[in-house]
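Common to both upcoming complexes is subunit A, partnered first by subunit B, then by subunit C.
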Partner chain A sequence: MRFKTLLLLLCLLLPQFALADGPPKKPNYPEGVSSISPGSELWGAVRQRDGVLLDGVSQVRGVDAGILINEQGYRWARFRVSELTLYSAWALAGVLVLIFLIYVIRGKVGIEGGLSGNMVRRFSDYERIVHWVLAIVFLFLALSGLILLLGRPLLIPLFGKEVFSLMASASKEGHNLVGPLFLVSLLMMIFSFVRRNIYEKGDLTWLLKGGGFIGKDHVSGGFFNMGEKTWYWMVILIGLVISVSGLILVMPIFGQGRIIMEIAHVIHVIGALALIVVSIGHMYMGSIGTEGTLEGMKTGYVDINWADAHHDRWGRECHEKDLIVSAEEYARLVGKPSVDEADGRETT
Partner chain B sequence: MIANLIDGPLWYFSLAVFSLGVLWQLVSIIFASRKPDLSVARGAAGPAALKTVFSRFLPHREIRPQVGIQYIAGYLFHLGLFALLFFAAPHVVFLEENLLGFGWTTMPHWAFIVSAQAAFFGLIILWLRRMVNPVSRLISTTDDHVAAILTFVVMLTGCLALLEGFEALRLLHRFTVELWLIYFPFSALMHTFTFIPSRAFTGAWFGRRGVDA
Partner chain C sequence: MARMKFYCDAERCIECNACVTACKNEHEIPWGVNRRRVVTIKDGEEGERSLSVACMHCSDAPCATVCPVDCFYTTGDGIVLHDKDICIGCGYCFYACPFGAPQFPEEAAFASRGKMDKCTFCAGGPEEDHSSDETRKYGRNRLAEGKLPLCAEMCSTKALLSGDADVISDIYRKRVINRGASAFNWGVNFNNSKISG
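Let's turn to the complex of A and B:
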């Protein structure tokens, strides 16, 4: 290997000497070929065409410093620019179309009997802070990450190269800076919600009935149903994978070579994309997809009819423990104006 | 044209509004007419004022569980922002070249990043608590939200311009700083200068009446 590197350097610096030496003595030239370029064999080795990684010697100290050309890097770059970008765009477009179709076909999932106005406490202030801080950080990272991933084919035609380069620079700096906050938010999420997201009896039934999409029967659920628990574990597990791979990328100071960085990048993108795609469904179900759900994360309270309809086992517990508060009491607790039905007078 | 405006007249205008506005507010507070306190003093006002200035740095034990996150986030944000403002290399160089004529030791890049992360995290949590806690939400004014969002935008544009490779990003950051400086004296941001006198005043008032709070 050292000989090849030395020879390469000689060829680059002193080509006339190399040429004067004549072609390398290679016994199995193709028939009819009396001489080949003296650089071709070296170049083939440098480009690792025989599959052997050429690790030479350099005065530069650092990981991969002896590699003249990172052939694997070319393959990674081609994969990132062609397949990864393309499939990511298709996945995002697909989920948006799917959500739209669900909304058109199924519409907003209502509550049988409508909302009662009587509420029950679902989330504490701290739990909602944890949820929203993770959501804000995630959305920022998703947006800046998508600009970096899809910006070249999607944004350059719209804004031009100059504006895109500015956007890409801002996104990269913002993404790298805010990234570690995702891990901190994730740890807060683990400690705040893990106890209620452990799978229990009855969760499998929820899954087999497709969360109510399959059949007309009501699907029983506890404080969190199977779908919500699965989303939670997706966020935690994939989130940890994204965080670790992100830290490998943003802090190349622990001796990780290019190949590790390239693998980390692919894992980072695929993991992030999986979370983004499912989070779109989560956002839909938590807002316009289901009546009364968003209230839980806005005020911490949900309608008792909502609890009975979607989380009947938890709803029953609320009835038994007498945790239900009236509409007036709820308005007072959350500091909302409440309309007195008797005379229409607004009170707080 | 816009670059000249942001780097020139708007910068001096915002600096003038900030300086004169803060001065005017502080002078107004100092010389505000107050009714003389004719009651018989039950305790010393001075020591109580001093004690309150420092005791408020930690929450009362009774309310610690309710406000703990607010204190932690508050420290993260304020210490992070202070470090960014006065020890980030680009800021020190800017102050040296444009305002003071002298500089000081700057913090290393990793400390800059950690400070920015702490400040961001703290500010987001503080604003979220303001939104999710019913009492905090009720007593919050539009000014509180504008002040928080404007500060966030200033920090964000600063971080987006971290590479220092794009003139447009630098100008955007500087422009938001100028808006922030103009807004500062007339808003809740004035607590930067008033929180210590305010604590001292409250402490003195309580101390004179013999209240240990």
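Let's turn to the complex of A and C:
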């Protein structure tokens, strides 16, 4: 009995001896034939596995008609419905909350010593028209664009598909029609405001001191301060990018394919969102954020104390050149706009 | 319940474009709009293949995902359709679709997009079957008549198949076996046919 068990154990050890003998010999198969399916290569190329767009031909005449599969499209769609929608909604909500908090904590930024009632000419009628045309066009485009961007997750649950379809259709048609006007008013903005928006000495100091936003001290500034200049250049540069990408999207007549339009769309939306977010800050600063600022864009005149407080270098210039208009004179000018209104116009 | 699918056999398609013509005629599609097209890859080179392509009625359709007004819906037969009363003609489905299926009639100046038009698998739209509204907006509704899409029905080489996915994949599977897809015979080889389809 014991002997038999020992024999059995020895048998179990046998394979070990076989291994110790060296690696097992390969069975003698015939040489393999290396053959890749031509189909796999072709369809791999169609699916752009190597990242190269395969262009075929088609009897159907149209842009991209020869492209069997556009891989980029699905990536764009995913980006559009997940990241783009989500982050833009958060960015908008975030900036609104931020502005609200600033208003609650900091409140309206007043002028030391209050308003004097004596005014000084800041913007001409033409400049104000340019500003407000651009502002209204921008607001319309921003609103209609946001309806198209965020409507499906936010507005369809509220209004239903039928009503929202009407809103979205009006937004799309309006956006397409008004869009080119943005470019026109942007060009007007470039020519009328560019001279005073070139960066100069002192702008860096303004930035380093946080624009007077932090602390009590007023920071020295010229006709436009560093923040206003940066906003101006943002509007111009991003505005031009939005205009060009918008024209690529709205006029599919230059032979641009889907991939170009997908890229244009992403650039268009990100650029527009950047402008919208900063514009909310601009609107706050220009209206309820600071005392006496809106007056400049409403009537063209600002209080001399406002000028001294926020734009001291320009204010000093106004004092030196004696451009200050008395309160009575101002009331007459604003109440009855006439040719002599232009006399008080400030030129730098 | 069926799961409707198109299948185009690249080994059979001869780029005759009859499917394109049949579709245009059946649905009276306006000039410039093509619900179906034939694409030839490697035209004139070795390994040239042609495929007839239209809306593939995806299970997870990118067009439906990206539509800002949510006008797409999938029927019980797995056909992706859209509601032209909801569609605003923004073009997003055209950017998103891998197959280039969504088409836009040029409505006004600068080629501004009208309401999107695409292959309906000859199943019409959300309107009542065979109503004049349905015909005007979406073309004929052959499925409601118990017929399959005309493009595939009249394909001369039976390259383009349409119908229940189970049925057409069975047909295709038999074809592949018939071609004797051995290591030496990739692609077409009718000599090695053993099973009759």
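Here is the rule we go by: the second predicted complex is superposed on the first by the 279 of 348 C-alpha atoms of A that agree within 3 Å, B and C clash if a C-alpha of one lies under 4 Å from a C-alpha of the other, contacts with A are read in each partner's own complex, and residues count from 1 in each chain.
Criterion: a contact is a pair of C-beta atoms (placed from the backbone, for glycine too) under 8 Å apart; a residue touches a chain by one contact, two chains touch by 3 or more.
Please read all numbers here as calculations on a predicted model, not as lab measurements.
Within the superposed three-chain model, A:315 lies out of touch with both subunit B and subunit C [touch as defined at top]. In the superposition on chain A, contact is made by A:169 with both subunit B and subunit C.
Touch counts on subunit A: comparing subunit C and subunit B, the chain ahead is C.
After overlaying the two complexes on the shared chain, residue contacts for A:42 are found with subunit C alone; subunit B is out of touch.
In the superposition on chain A, A:56 makes contact with subunit C only, while subunit B stays out of contact range. In the superposition on chain A, contact of A:80 is made with subunit C only, not with subunit B. In the superposed model, A:271 makes contact with neither subunit B nor subunit C.
Comparing the two interfaces of subunit A, the one with subunit B and the one with subunit C have residues 165, 169, 172 in common. Residue ranges of subunit A in contact with subunit C, taken from their complex: 33, 35, 37-39, 42, 45-46, 54, 56-60, 62, 64-71, 73-74, 76-78, 80-81, 148-149, 151-152, 156, 161-162, 164-165, 168-169, 172, 176, 249-253, 258, 261-262, 265.
Partner subunit A is touched in their complex by these residues of subunit C: 10, 15, 17, 20, 32, 34, 37-43, 47, 49, 51, 53, 62, 65-71, 85-92, 94-100, 110-113, 183-184, 186-187. Listed in rising order, the residues of subunit B touching subunit A in the complex are 69, 113, 116-117, 120-121, 124-125, 128-129, 131-135, 137-138, 156, 159-163, 165-166, 168-169.
Per the touch definition, subunit A reaches subunit B in the complex via residues 125-126, 128-129, 132-133, 136-137, 165-166, 169-174, 177-178, 180-181, 184, 300, 333-335.
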